[in-house]
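Letters A, B, C, D, E and F mark the chains in the order given here, with residues in each chain numbered from 1 onward.
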Amino acid sequence: MPVCGSVEYGEASAEVRAVYDDIMATRQTDYINNFWKALAHDPVLLRRTWENVKQVMAPGALDALTKEMLYVAVSASNQCPYCIASHTAAARKAGMTDSIFAELMAVVAMANATNRLASGYQVEIDDRFKPA
Amino acid sequence: MPVCGSVEYGEASAEVRAVYDDIMATRQTDYINNFWKALAHDPVLLRRTWENVKQVMAPGALDALTKEMLYVAVSASNQCPYCIASHTAAARKAGMTDSIFAELMAVVAMANATNRLASGYQVEIDDRFKPA
Amino acid sequence: MPVCGSVEYGEASAEVRAVYDDIMATRQTDYINNFWKALAHDPVLLRRTWENVKQVMAPGALDALTKEMLYVAVSASNQCPYCIASHTAAARKAGMTDSIFAELMAVVAMANATNRLASGYQVEIDDRFKPA
Amino acid sequence: MPVCGSVEYGEASAEVRAVYDDIMATRQTDYINNFWKALAHDPVLLRRTWENVKQVMAPGALDALTKEMLYVAVSASNQCPYCIASHTAAARKAGMTDSIFAELMAVVAMANATNRLASGYQVEIDDRFKPA
Amino acid sequence: MPVCGSVEYGEASAEVRAVYDDIMATRQTDYINNFWKALAHDPVLLRRTWENVKQVMAPGALDALTKEMLYVAVSASNQCPYCIASHTAAARKAGMTDSIFAELMAVVAMANATNRLASGYQVEIDDRFKPA
Amino acid sequence: MPVCGSVEYGEASAEVRAVYDDIMATRQTDYINNFWKALAHDPVLLRRTWENVKQVMAPGALDALTKEMLYVAVSASNQCPYCIASHTAAARKAGMTDSIFAELMAVVAMANATNRLASGYQVEIDDRFKPA
């Protein structure tokens, strides 16, 4: 069980149910995943988090697959098992193949490595890389 | 100065120069950035790191822009100023517009937020998200 | 089992038992949690860690609840499942309600998000924020 | 300069200016800090981020000082220089004394230490710490 | 199961089998651990990662035990359960005693603590610590 | 200036001076680095932190150089510029050559990379790696 319990649809208040309905409609699914049920003890937190996710993850200048891959890259760097699993699943749904996943992971691994070479060697930022 | 000094092209050994030449040829530039000059005190580390970067960042299942954006996402999550600056510059070169950057940053911010909501609430991974 | 085994009270040396006794007396409990039993293979590490925790977590300029919330905030940011669970439990004991927890998590999520917006956008520190 | 430039009040669109006005009114200041001016190239990102911060940081179950201290704790754990500086300044404004700061830092340091002892020793979560 | 499945020796391609054989020969074992079987869906990623690990972990200026301890220190700081477990086991094999492990963990805990004191207090780097 | 100011020897209280004297005697130097001067506004925090560092960094089962290298590995992984600089300097003093530093950095980079491959691929811990 998550910290403040898990709110199932059947026992949810109208306020929470409205968010659940919007999640299911937006994602074209009849499934509410554990993350949202954990936040639902606080309808304000639930609604704000969902509204943010909905806006941020909607295709725009970047498509849905790219956004999900970015989510996986961040979650893997941060060692968050829940978000790694859920967003890898979402990326799959958005079209991520095994080959794409392997390249995504290779970039994540490389970036995590060179981040520490750059800091450990105390490399100064090249003037040309500074935003003008 | 980086920890073990910075190796300029003019003073580089043949071994180091060969890597520098390959970097410049691959990236179609005549500029070697500080990162490589810091690693060059150890030609083995320099070569291995460059060979890895060259392989991993080459367009494949993912294009160059997506790979650079993933690099920025990881580097921003890890708070690495050097890699944020250098890979934001590289992403720009690969076509990243201001709008794309804003969406990239929005996803990175959101992922870093929900990573902590998921862990803080101790949310269990949904069975359907586990790789089969 | 933790790496070097778990030392139960009954099998503990006098040195370890003295620390266990102090933990139980300070916390007014008869329970020694797994963390301490894992460190107890090295009585010096056990004692130093406990003395530090005892001093740092004692109410002073900040009360016990605030200190436990800070502990949860750090542990959630670092993705440490053990410390998230144990300090969320401790914060509960110190009076954390569901509403407080929701606000705590909201701040943690927000801080983790804006930390990356600030670094990703390469925002310079305002002069007025620098300690004088 | 931040990545996409800095939007000053005088050159801001009506949309951006409305957010700036709300920031200044809410915080009772005539100063817009660099963070907001960096986000302002994208009015949607600016507005969403500000609305979130405004909601999350408003006093509720937790007071303003506690929220700012949590922000500092997270930012110090994540090594974000901008947010450390800006939220330490904000915490000062909300009443943080030197003594409170010292205790805050002591808890942050301790939590970061024991987070790694718990993970390094591979300590299992005690049953009694798991949310029921 | 890992994300793209697990490749057992019996079902592996010649390319993957060659890497597995080299892992077993280099480590003088007949066991391939889960990490490699997860990468093996992509033989290029598998080979590159193994070649890197083989080069980097070979005794050189630093012996095998020191390298494994450094691996554990990083993995514990990053909260990576898999690498903590696998490299603690490898360090054991390379001669790490309980006493060494306790000192290793004590340094890791201390470094994680003072990292945040230094950043939280906004301490400036002493001139004498800057690489000349 | 650090957050609560910097306490110079000449203006220090007897309590702070005693710690400064012990630092200089233990390290056989007449220099107090900025870190300690920043903590000194709170003599209790200063003393506790110094006592911990003194105990933990004293040669024991691990020698001084190994301990300093572990410190650098953690600090580079955490992106703490102050501790990277100060402990790289300390490791130099303890005998770290350029070759050793290059190998240290190579292990740090590799560990940071594979930490994310292990988590991103959701690799399960092999039974044989679990502490018995």
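Heads up, the rule we're going with is that a residue touches a chain if its C-beta (ideal position, glycine included) is under 8 Å from a C-beta of that chain, and two chains touch if they have at least 3 such contacts.
No experiment lies behind these values; they were computed from the predicted model shown.
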Next on the checklist: Find the pair in B-D, B-E or A-E that has over half of its contact pairs, by residue number, in common with A-D.
Outcome noted: B-E
Checklist entry - Same or different for subunit B and subunit C, where same means more than half of the interface numbers show up on both copies? => result same
Checklist entry - Taking each chain's centre as the mean position of its Cα atoms, how many Å separate subunit C from subunit F? => result 20
Checklist entry - How many Å are there between the centre of subunit B and the centre of subunit F, using C-alpha atoms for each centre? => result 27
Checklist entry - Can you give the whole-Å distance between the Cα centres of subunit D and subunit E? => result 34
Checklist entry - subunit C: which residues touch two or more other chains? => result 1-4, 44, 48-49, 52, 77-81, 85, 88, 99, 102, 104-106, 108-110, 112-117, 119-122, 130-131
Checklist outcome for this item: The subunit C residues in contact with subunit D across the complex are 1-4, 31, 33-35, 38-39, 49, 52-53, 56-57, 60-62, 66-67, 69-71, 73-75, 77-78, 80-83, 85-89, 97, 99-100, 102-104, 106-126, 128-131
Item to check | Sites on subunit E touched by subunit C in the complex | outcome: 79, 88, 98-99, 101-102, 105-106, 109, 122
Item to check | subunit D - residues contacting subunit A, complex | outcome: 1-5, 44, 48, 52, 55, 130-132
Checklist outcome for this item: Seen from subunit A, its contact residues with subunit C in the complex are 3-4, 41-42, 44-45, 48-49, 78-80, 130-131
Checklist outcome for this item: Counting only contacts in the complex, subunit E reaches subunit D at residues 72, 76-77, 79, 81, 84-85, 88, 104-105, 108-110, 112-117, 119-122
